[in-house]
Amino acid sequence: MAFLSMDLPELRKHRPERTEPDDFDAFWADTLAAARAVPARLDTAPVATGLSTLTVEDTTFPGYGGQPIKGWLVRPRDAEGPLPAVVEYIGYGGGRAQPHDHLLWASAGYAHLVMDTRGQGGAWSTGDTPDDGPGAGPAHPGSMTRGVLDPATYYYRRLYTDAVRAVDAVRTHPGIDPGKVLVAGSSQGGGLALAVAGLVPDLAGVVAGVPFLQHIRRATEITDAFPYKEVAEFCKVHRDKVETVFATLAYFDGLHFAARATAPALYSVGLMDEVCPPETVFASYHHYRGPKDIGVYPYNGHEGGGSHHVPAALAFAASVL
Amino acid sequence: MAFLSMDLPELRKHRPERTEPDDFDAFWADTLAAARAVPARLDTAPVATGLSTLTVEDTTFPGYGGQPIKGWLVRPRDAEGPLPAVVEYIGYGGGRAQPHDHLLWASAGYAHLVMDTRGQGGAWSTGDTPDDGPGAGPAHPGSMTRGVLDPATYYYRRLYTDAVRAVDAVRTHPGIDPGKVLVAGSSQGGGLALAVAGLVPDLAGVVAGVPFLQHIRRATEITDAFPYKEVAEFCKVHRDKVETVFATLAYFDGLHFAARATAPALYSVGLMDEVCPPETVFASYHHYRGPKDIGVYPYNGHEGGGSHHVPAALAFAASVL
Amino acid sequence: MAFLSMDLPELRKHRPERTEPDDFDAFWADTLAAARAVPARLDTAPVATGLSTLTVEDTTFPGYGGQPIKGWLVRPRDAEGPLPAVVEYIGYGGGRAQPHDHLLWASAGYAHLVMDTRGQGGAWSTGDTPDDGPGAGPAHPGSMTRGVLDPATYYYRRLYTDAVRAVDAVRTHPGIDPGKVLVAGSSQGGGLALAVAGLVPDLAGVVAGVPFLQHIRRATEITDAFPYKEVAEFCKVHRDKVETVFATLAYFDGLHFAARATAPALYSVGLMDEVCPPETVFASYHHYRGPKDIGVYPYNGHEGGGSHHVPAALAFAASVL
Amino acid sequence: MAFLSMDLPELRKHRPERTEPDDFDAFWADTLAAARAVPARLDTAPVATGLSTLTVEDTTFPGYGGQPIKGWLVRPRDAEGPLPAVVEYIGYGGGRAQPHDHLLWASAGYAHLVMDTRGQGGAWSTGDTPDDGPGAGPAHPGSMTRGVLDPATYYYRRLYTDAVRAVDAVRTHPGIDPGKVLVAGSSQGGGLALAVAGLVPDLAGVVAGVPFLQHIRRATEITDAFPYKEVAEFCKVHRDKVETVFATLAYFDGLHFAARATAPALYSVGLMDEVCPPETVFASYHHYRGPKDIGVYPYNGHEGGGSHHVPAALAFAASVL
Amino acid sequence: MAFLSMDLPELRKHRPERTEPDDFDAFWADTLAAARAVPARLDTAPVATGLSTLTVEDTTFPGYGGQPIKGWLVRPRDAEGPLPAVVEYIGYGGGRAQPHDHLLWASAGYAHLVMDTRGQGGAWSTGDTPDDGPGAGPAHPGSMTRGVLDPATYYYRRLYTDAVRAVDAVRTHPGIDPGKVLVAGSSQGGGLALAVAGLVPDLAGVVAGVPFLQHIRRATEITDAFPYKEVAEFCKVHRDKVETVFATLAYFDGLHFAARATAPALYSVGLMDEVCPPETVFASYHHYRGPKDIGVYPYNGHEGGGSHHVPAALAFAASVL
Amino acid sequence: MAFLSMDLPELRKHRPERTEPDDFDAFWADTLAAARAVPARLDTAPVATGLSTLTVEDTTFPGYGGQPIKGWLVRPRDAEGPLPAVVEYIGYGGGRAQPHDHLLWASAGYAHLVMDTRGQGGAWSTGDTPDDGPGAGPAHPGSMTRGVLDPATYYYRRLYTDAVRAVDAVRTHPGIDPGKVLVAGSSQGGGLALAVAGLVPDLAGVVAGVPFLQHIRRATEITDAFPYKEVAEFCKVHRDKVETVFATLAYFDGLHFAARATAPALYSVGLMDEVCPPETVFASYHHYRGPKDIGVYPYNGHEGGGSHHVPAALAFAASVL
């Protein structure tokens, strides 16, 4: 896909109006309070991987509704003392995959928790965490419209809460320095990182690559690509529920979390990304309240900076952890 | 798609081996017994449609787990005495849609119950029935792999049971002759009709158009079309669970139901159908135990006979009801 | 397809200039006068359908050049006295199809004439009416460019005339109230309904769903979708005849008919419709001279409101018939 | 498209059964006799082309029904005495195009008549000849199903007759040696050349590149490519007319003409041709009754030998003219 | 593709800023001086073609680095005295192809040199000239990024030089009038013709059909079509070299050559051309310094005017040669 | 893509005839002898990566013609004594990419040399090694047909030699145990590993995932996927050089190397792989002369076992190193 309607100079100043529900903060305060009724913990079990420089543990922590959320904890084998930690979230449709898929952050000296994604993990990488929640009503295939007719039952209420609880969980681990936690992810993972940044006040940093779930309604109007398209497809069938759908999604739009977040953030964007259009990424970036920087990749789509962006991410992490 | 590997003469005699689980009958006997612990009933509420020759009622009956399953009951406005009934199931991804979508069978003088499809109804027509069941683990988007790692949690255990309970329900209605019930549907609806025909002994007839869910494993090997492809995609990701998946699916393959069914049946098939390949439809047809006929449409895909097949279906219904 | 260049607020006020041929009215007055030299009549023959609440008749009436145009007349079986009538036109590429495809309007109590489409009926539904007319010269496959080098030989001159003559015909039928005739259709059918509304002064109402043939030249510039694309493809080959083509099409553009129509009209539009782009539908709507309303479906393509729009159409019909 | 089901050794001996109508010869004898009631002639008018080595004339000759068929006659400017002639037919969807598109044969010293294709010429090159014939009934877009429900009204009855009459016409021209006429064409043009070879006994030669219209029913079963697909699409809609369609096409299948042709022939075939599958070309080749050769292009599709085949065609022409 | 963002009135005045390297002229002066150290000559060898009105010779001339560049010289067989000449360049991916592919210009009375394209000729027509040059580093498949990290090693430095040397070569031939040389080509061939027009001061004329290599950076931002896309794909992978790439391409952008060219020029453009977007063609046209005209084809893509444009090109050639 | 023509039982015994050139061994002996005239060495320079458990060095070694070939050497930071080594080759179109892309093998305790791919590295990952060799003649875009008209100039002669020289180079490094070298790769990388296994007698093991370059001619006949398709496309244009092309490729077909290889090998295959069809992988596997095993992934395409195959590969490496 060639450059979208806005060119880079326009994107550089694109900061659209945002309108959030009056009870946005109350909704999330209530949601998190309910989840935190179950104390945070991080259960671990060793995994035999054949790796010699790193250890991997199969982890479980209580997420939304106290439900057990799986993950991998990867650490340098010979680390001493509590380590700074990276909590990573996964892109849409995937799960925590295999241990060997997660070698970077621990090889750089961090404790690395990869959170599994409830109910996903069937499309491109394996997952191990069911989505035991309400909202099993008619939905477009995929997760984007599961329970979307009510904020209380919407899938991402559960997943965003899991993401917050992952931070709570790593902070209880004796090998991790609770004051040095960075959240990271790309696409949906970037969207989750931004949501957590708006809900957890004392993070060390945020790495949000080509983030999804930003300026959602606008995205459904300008791209035909999935997964935003799942919302459009649902609205196509449920013609009478369009406003209901977007009333729910207003509680989950990354713009509102960005506007609350204060930790230093590193965004990235591909100017030819039709999955997460640059217009939506810059909309989020310009509403982000904390210190921030953005890696711009002009000829890239949703792959964004790829492994070219890794040195920047490692340098950013080193600067804040 | 042009003609598939088998030509018509080969299809005319294609009756592959089938291997069913030893406890197939026990599995279904237990499943239905549990569901039938809730007595059958059909609750109805009138719907204002602007139609003058027909009446439509919004219906609810207890399905799997006694959960409320929605439907429409459409009848000729001036009918006297109990009517013979057609219970219809919907194709994959759709729900019961709108009342005006279901005028045929009642205009022909029958009571017509359209069963909603739990948890579907987001892809091409609206639905109103949630899927409140177990098996919310990682799955490929869509319904085909929901809970597929165990027959007890598999989505179609609940849906097949709903379909049986729909027959139970209409038989309780005073305006319907319980001895004259025909089940019908196309694609997934045809697969459901065949499953019910194998599970309910005293049906008057079965209309199964281009039926889905027949010879499932073979289908995943010969077509790239969805929804069979959902199973292949799941197996592509979950490389270690291929045999587990097909062990579950063996309890749901239409060939085993066809081999038990005794009511007269009218099949149809499109010889260029890549969604439900003709090889799988003929496999089912040749295992079908009762009296049977099949409408063959050589240049058609999954649309099969379309409205050209309606006179044949009406004539068949008239002959058995 | 995501939202087109214009967003809804822009569409809500989009009323482009229109330029009609000086002899537009004379052209059509001459054309209709010639056709009406053959007296209107509606010949009917009963059809056995297996339906009990409705009757269907196979009909023939004189169209352009007095040529016999087929149709179906569907009526409630037990109606008494002359009924209000709905004359329906079919979408591009289809014909009158099968009787069972047309149950809605009669089930709602109206006499329903479905007009066959001359020379179409090979692409998605069957037709029974040949196009015996001039203009058999080189054309792009399809009907859009048949005879397009001269308004006198253009295909739609014949088809628009047929559509007017269908209204003339139903008004001669003793079971129909000639003062209560509504014309209806979607896509090409909607375009025909609007053309008739501009040519027949005393209609009771017009239902034009996602109408085709509106602002034609503009459409060929902004969409790659067929059938507008047939015109573009013809111009691509016949580079020297572009202006000739559009000089002909100016006699057939729905904007000019809309500007003459006075009967109450119900339009509909899908904001993601690339077959009949919303810009062209609103262009027609805003030039429509009579009372009007429009159903807007933001996430829909050419399917528009689908069966969700049926209650609105029935209510509109009830209000004007 | 990779190699089709048959590999080259199988193709080298593929000679399927063919079944022709009992009155095949009578049908064509009657058809041609009727056409020949109008005496052959070739009217010419000079065309200014800016070319100095060649002359081009705009030609007209009587075809089916005596209707005027256009063409171009291209000749070396300084030729003396009657020349041998090449009569060329055009591929599907195109017309005679522009004079500058036809320089080869005349540059090689032949008189070259390019026959326009009635009613085509809108898809990829311009044409100037209308199809004024019967059979304007519902048809799939394109020419393949125009009038296909009856051999008498089928489009190709008229076009095959035109092709025969083109040979009759060139033979009347004083600048052409009537004993030295070769017919040539590719795709539909090759099919026409083969038909003429089966209907005109004293041709000097036939060049049939990747010929269309050979083993038609088989083709509709094994390829999804147009224009054979037009027949399949028509049968898809007109489910009740499949046998009628193929009863008509039996009068037009190239296999039956090939079995009657005696002039030396040069075929060509691309082994990856999905438009005219190699199986159908070899079927024709092996039934061809006269001396024959075939150029086989293993990695080519419908482009066949392209300009690589030109030297072979020129050498073949030189050997028979 | 429907009309692009700019409509025709906007295109008619589109003359974007252009920024050329300071040493643009020096770069090319040095490049050509080095190449011209090898004296121009045109070696010819007769080719047997079977043609009687034309002669074809297999030619070789020294190009960049004195490397032997192949071509065909086609002339009227009976020409007397030196002829005006047309030097033609080929479109992207092709080579000089076969002699029979080049009959037009010689049939119109010109000497016609078709230059082969070094290292291309594998994609759609055959070539016979290797690219023996530096710059074999990692590149996107195709020629567009071969050696692109340095103007000195970039592929088009060699090819543009070959194109200039082709003019030098034909001027040495005794059968050609050196004062009457026109350069011509379409797509890449048009881009080469424009580059030569900016580098060789005394040409008689330029025919540049739908020219490629104009306003290159802009093209990579607005189209997804190859071959501009090759540059975008390279930049997608080599994220750190985007500015280096465009610094090189600035020496090769047709806008800068157009701004220097003084010979009369005939451009053409297709308004729906996504390969060479009309915006880039008009950008070049409006910077062209000499007398100029442009053929505009509103409903055409990259085929532009096709053979409809031939009379205009012949007339233009006749007016300047 | 669904299952190919052969099913698994057939594949399990598929061992087609293979025909190798008489001078196959001489060709390779001469080629390697010439290359080895330059002594093996591995130059290294440290790279700052931000990693704490591993070290990465930028490496250079002499390949074909002594040309400098780049690579990365990744090792555990705290390793003592010479390590066993894995030499890895990259898939088609990519280069050595970034250091952070190669963490697995070193994290498992091995010295890991990633060889860059000459002249590739522009399509999906960056490369840094030019292809300075002969054979710059016309070729299809990509590497598959570069210099393909002569075995001496063919691209893969140079690349296969580089791959052998990579093994020579690592064996000179003091931190590596020269008796414990395993070669590995997927797709083209797997093909290179197999070629090296047939040319270097004393390897410890071979890991060949979904290997490319096996049974090449057959592959070009049964798949439309690139890069095998590059050969087919070249043959499509160069119709007269088909046999020349395959005469060259016979020196490079993996079947002949497999038949000479004696080290233990681990293959893998995806049964729905259309890039490297399973038929070609099994053909190689069954000709492989040494001890062997194969991981079969029935529902996978060219991704094969993905990270699910990593434990098997690590276990295999541990068993042979």
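Order of writing sets the labels: A, B, C, D, E and F. Residues in every chain begin at 1.
In the analysis below, a residue touches a chain if its C-beta (ideal position, glycine included) is under 8 Å from a C-beta of that chain, and two chains touch if they have at least 3 such contacts.
Please read all numbers here as calculations on a predicted model, not as lab measurements.
Chains that count as touching both chain E and chain F, per the definition above, are A, D.
Each step here moves to a touching chain, and the least such steps from chain B to chain D number 1. Set against one another, D-F and C-D show the most C-beta pairs in contact at C-D.
Checking E-F, B-D or B-C against A-F, more than half of the residue-numbered contact pairs recur only at B-C.
Residues touching across the chain C and chain E pair largely diverge in numbering: under half of the numbers involved belong to both copies.
The rotation that brings the Cα trace of chain A onto that of chain C spans 120°, given to the nearest 5. With centres set at the average Cα position, the gap from chain A to chain B is 39 Å.
The distance from the centre of chain D to the centre of chain E, with each centre set as the mean of the Cα atoms, comes to 37 Å. Mean C-alpha position of chain A lies 63 Å from that of chain D.
Chain B and chain F have CA centres that are 50 Å apart.
Among all residues of chain D, those that touch two or more other chains are 233, 308. Pairs of chains that satisfy the touch definition comprise A-B, A-C, A-E, A-F, B-C, B-D, B-F, C-D, C-E, D-E, D-F, E-F.
Within the complex, the chain B residues that touch chain D are 1-3, 7, 272, 297-301, 303, 305-306, 308. By the touch rule above, chain D contacts chain C in their complex via residues 93, 95, 119-133, 135-143, 145, 233-234, 237-238.
Partner chain C is touched in their complex by these residues of chain A: 220-224, 232-233, 235-236, 239-240, 242. Across the complex, chain D is touched by residues 49-54, 76-78, 97-98, 100-101, 103-104, 106-109, 125, 307-308, 310-311, 314-315, 318 of chain E.
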